[in-house]
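Going in written order, the chains are labelled A, B and C, and every chain counts its residues from 1.
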Amino acid sequence: MTDATSVDEAGATPPPDEGTPPPGGDQPDWLPRITGVGESVGRALLVPALALVLALFVGAIIIMVTDVDAWRIMGEDPLTALGQMLEGVGVAYRELFFGAFGSVRAISETLFTATPLILSGLAVAIGFRAGLFNIGARGQMFMGGLFAVWVALHVELPAVLHIPLAILASIIGGGLWGGLAGFLKARTGAHEVITTIMLNFVAAFLVLWALKTSVFQEEGSNLPQSARLAESARLPPIFGSEFRVSIALFIALGAVFFIQWLLFRSTLGFEFRAAGSSPRASTYAGMKVPLLYTAVMFISGALSGVAGATMTLGLPPYSVTSNFPGTIGFDAIALALLGRSHPYGVLWAGLLFGALTAGGRTMQAAAGVSVDLVIVMQSLIIIFIAAPELVRAVFRLKPIEEGPTQMTKGWGA
Amino acid sequence: MALELRGITKQFPTVLANDDVNLTVEPGEIVALLGENGAGKTTLMNVLFGLYSPDAGEVVIDGEPLELGSPGASIEAGVGMVHQHFMLVPVFTVAENVILGLEPLKSLDWIDRSAARRMVLDISERFNLAVDPDAMVEDIPVGVQQRVEIIKVLVRDARYIIFDEPTAALTPQEVDEFFSIVRGLKEDGKGLIFISHKLNEALEVADRIVVLRDGKTVGEADPKVATEGQVAELMVGRPVDLVVHKERADPGDVVLSVRNLVVLDDRDHAAVDGVSLEVRAGEIVGVAGVQGNGQTELVESITGIRPSLAGKVFLAGEDVTFEDPRDIHRRGIAHVPEDRQEAGLILDFTVAENMVLDSYYDRPFSRGILMDWGVATESSQRLVDEYDVKTTRVDVPVSTLSGGNQQKVIVAREFDREVKLVIAAQPTRGVDVGSIEYIHSRIVQERDEGAAVLIVSSELDEVIALSDRLLVMFKGKIAGEFDPAAATTTEIGLAMLGSGPDND
Amino acid sequence: MTTVLESSQIVDKNRATPEERRSSIIGAVLIALGLYVFWAFGLRVDGDLDATFNLSLQTDRFKDLAWVVNARWLSIAVAAILVGLGTWRLTRSALRWTNISLAVGFGLFSLAFLAWAAAGSQFSMVGMFRSTVILAVVVVLGALCGLMCERVGVINIGIEGQLLASAFAAVVLSSAFGTFVGVLGALLTGGLLGLLLAWLAIRFHVDQIIAGVVINFLALGLTSLMSARILSDVQSLNAPARIPAIRIPLLADIPVVGPVLFDHTYFVYGMFLLVILLHLGLFHTRWGLRSRSVGEHPKAADTVGINVYWIRYRNVVLGGVIAGFGGAFLGLAQVARFEENMTGGIGFIGLAAMIFGRWMPVGALGAGLVFGFARAAQQKVAILNTGIPSEFLLMLPYVVTIIVVAGVVGRTRPPAADGQPYIKQ
């Protein structure tokens, strides 16, 4: 390698990751730190904001196009039909907004929904930081939740001990399930994207089976549904039993600060980030990359596992059904990307998605627009965030020279 | 009739690689394009060949303007390029590589394999370039791969051929052979551009020398009259001293002892096949050889990165065969890896983070699991000053540094502690002359302070200049040992080809 | 690839070569399997019970072919062979035949398992093999889609979404405008999603795995949304005409082979044809040579004037069309209606089949049949009363996938430039 090497590389090297604060860490102004977007706040927030606007716009078109009733009268009276479509969009988005922020209950719902999203979003984010793509948050939630439910049903303790023990169980359950994928990656090179997705299915069937065994099932029932959890294991609501938001929110906030500390202040986090940026150089520097893969997947799985615990121990009526993770495991990916794999970014993104989903539920009930629209909007947000050039082109902004954002590795054979 | 580059300018995000460069080549002429690493030679040629689009300038071939930014158009216009990193698909046969892009067809899209073989053999016979058309490229030696590259160019009827650092991976004998091929092509009326940073080769083969510095043409020289010193000064912009200054070695105890080491490569072939060697304190042992003869695996195994299949490695008398890289590192090994950007540094990490990349886990940089970035930053600042690393701050990504300064970051990190053994692989590859001088003097300094030094390099001149004792590796074995002060390059070259005295 | 070692060089061996290690691990696995077969199937089955494997269907020309075998003795024989095979692996460092031993071992294990499950009752062997082929179709087509993309260096993790969206398109369009339009729409849908992937990956350098995940979400969200908003309202849009099987004269009458291979819808024949075409195409045509060069060393392809971007676009879109074909089969022939998230991970199983098949079309077919077999056996065993919870049988294909990607196949070598964006300056 000679001559243009340095020139070539300079041309092809991606710019510094905006999410990483300099190791000195003494950044004076609070805004970048709290938003987790690095130095140029305006630039970093612009694209996510525009991505949201674009997603809402495309969502509106989808609502209009799928308005069956309006299409029925389109032939005779296109103007009325069009008006009806637009009104449909208006109603849907109004309900979406009020469902998210319109009342104390709405805000409680937003926070309640955001809680597991933040936790599982952190799980995906820490994976990204170490170069691993954990699509298995769903399966890890299943296992974490199942372990927590077992403790809730079969251990008798006062709440101050019962809740921590159940959470610990969820950490172990989710951690083992995630760690398994990490271990397979480390030992055999099996790509985590495939193994985690497959483990999602396996976990779902395991939970379905477990909920039908006498260990979990309510006596006399034959539905795959657990018995009511012990009072002492239920996560207490913050604002009284009328509102669903529980102390799980504080657990999620604690996790945000913990992961922030872990990634940027601890040796382990340094190793995670090194392995994520260059496994080869990390190996040369004496780090045990396979071990790191297993460790980071354990931590990632543990975070998802806690998310699973909040969806079991913190979900009235405290009787667990067979699909308690819902779509959270997948929303987590969008969220980690939106938050640029930064803990604080994930926090804000989690609140946003919490609002979207909580509002989406109201929208579905009141405006008849399926909550699946939220999935579509989330995938659009990922596209726009991952392809910032696209957003810039749509809004005719000046393009910025940016290298490719390759967050995952190939098959790594 | 000529190939002309006029006012070529190419700006990369951080560097102006070419700044208004002009160059003319006529048929039947060999022009040597000389310049330091990073002078912009390869960029210029990639522009000519259509791999890069320039920001300004034009190329005119035999009076016709060339469509820029398209290799297809350049090939069409009669430009061929033999790339430094061969543009060959390793899992294809020689014939498949040659016909790629101009496949002879039987019917529809079906490839006519016998016609393909004939195309290869025709050129191969006409220009005396022996190759086996059915061999898999990954299985043939580098010298033969280069012949395949040349055949690829000739099959496309190129009238102007660019050779980018063609001698970098060849043995001295192969270089001579290569020069005779080049002269043959010149006789045939081809216009040739020969890119190099090796002065003696340019002086030997070229009709005209053009020197590039910092992206600009800074002068021309006539190889018949110019001396190496004059051209070198033109390249670097100041008088340079091409000799490594060192005293006679005074070898002490054995520090590194490798016995019958066998190491597998990624394809499970025995890349290192029974190597034994010793390095003593206060001596520099060089390992020469064409790349891909097991040097990489040897170094990786000694440093604990790649487990060995058989054999033993002793460090200061202790068996370290089964130790992991960190333990070996802690025993006082400084390792400058061959692949700076992939293995030596984490490019999107900051200078400071890279400075502590293999010592972060211990005091003073961390206590328990808690990193102390304050100490790390201070220490990095000190190293940056001490090792003359040119960077604005220590919290910028190391990718923003030039190749030479990146290498200095590694050297600083590795040398800044009690070192018993230095292992440096390709320590000056892709590095500017100033940094080369500096790195060489640092390595000699380590030796003089009593460290054992093992240098692995495919640049024969470099190992000869640095080493006190020289080993040659061929096909995973030590193919000869030489006194670099006494041996001739011919002798060493023969060993690199596997025909040394110790080899069958 | 064998290790080149001269024994004289080995003075003291530090470790086994990866191949030796693999051989002995597999030996141990085979012995364990053998002992398990002996204990679980040999000892615990009623010694008087015969398993009846039916070798013909009621619709066949030659009916009532069957193989009756004593379940206990069959299991014991299988156990003996497995232990023997494993011991041979362990004692001789026999480096060859590793994969074949493994395949034989798992085949025998399956046979013993089925004999145990079917002891005292009837089991339609031919029915199971027929289902194997049918259930393999989507997996194989998914794998071929993945292979088309990865051979040119683009990782496609969105196969799942392509299958789902094209199945939706096939069902709705077929219900509204007939089968032909339905299939065409599915091909188009798959192709368009391929185009989206290529566009994101090539034009915007979006991380390919993320782009693929987005396609999965988009397909899931859009089809679920439309299913909820439209199909639940207009039931007639979710009622495609079922596609009839085409019995190939004479061939279909061959016992066992006929019903298994020659009595299917045109999708199944299409799959076999595609496998052959792609295999010949990849390794013998200009298209294949150029495609592979782009996946292995895009810069080398660029330097000889091959348009890397164009080839990537073209193959990724064609791959999408193949996935669309698979989606059409799923929606019109295999299930014949649309259900939310009806793919249930099969696209990812296809991806695993592609890896298992080492990026070769014929390999993908073989791997697809293995997965088809796992699912077919699961369906047939679920009917028998074995006491195994159905959830565990349902897990089987996913567990098999994990085992496969975790390296039963040994070391594989993906195209060298797989997943790497190609950027021109």
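The criterion applied here is as follows: contacts are C-beta pairs under 8 Å (C-beta built on N, C-alpha and C of every residue); 3 or more make two chains touch, one makes a residue touch a chain.
Not measured: the values here are computed from a predicted model.
> Chain touch graph shape: choose line, ring, star, complete or other and state it.
complete
> Farthest chain from chain C, comparing Cα centres?
So the chain farthest away from chain C turns out to be B.
> Averaged over CA atoms, how far is the centre of chain A from the centre of chain B? Could you give it in whole Å?
Their C-alpha centroids are separated by 45 Å.
> Distance from the CA centroid of chain A to that of chain C, rounded to the nearest Å?
30
> Could you pull out the residues of chain B that touch at least 2 other chains?
Residue numbers touching two or more other chains: 12, 46.
> For chain C, jot down the residues that touch at least 2 other chains.
Expected reply: 425.
> Multi-chain contacts only, two chains or more: what residues does chain A have there?
Residue numbers touching two or more other chains: 11.
> Once bound in the complex, which stretches of chain C touch chain B?
1, 3-6, 8-15, 17-19, 281, 284-287, 289-290, 292-293, 296-297, 299-307, 416, 424-425
> State the interface residues of chain B toward chain C in the complex, per the touch definition above.
12, 46, 49, 51-53, 69-72, 75-76, 81, 83, 87-92, 96-97, 99-103, 105, 108-111, 152, 156, 259-260, 262, 264, 267-270, 273-274, 307-312, 321-322
> Spell out the residues on chain C that touch chain A in their complex, using ranges where they run on.
The contact residues of chain C facing chain A are 155, 157, 200, 204-207, 209-211, 213-214, 217-218, 220-222, 224-226, 228-230, 233-234, 344-345, 348, 351-352, 355, 389, 391-392, 394-395, 398-399, 401-402, 405-407, 411-414, 418-421, 423, 425.
> Mind pulling up the chain A residues that touch chain B in the complex?
On the chain A side, the touching residues are 1-11, 13-17, 22-25, 265-270, 273-274, 277-278, 280-288, 401.
> Residue numbers of chain B touching chain A in their complex, please.
12-15, 17, 35-43, 46, 84-85, 164-165, 168, 195, 197, 303, 305, 324-326, 329, 335, 337, 339, 341-350, 352-353, 357-358, 360-361, 366, 369-371, 373-374, 376-377, 395-397, 399-400, 402-404, 406, 429-430
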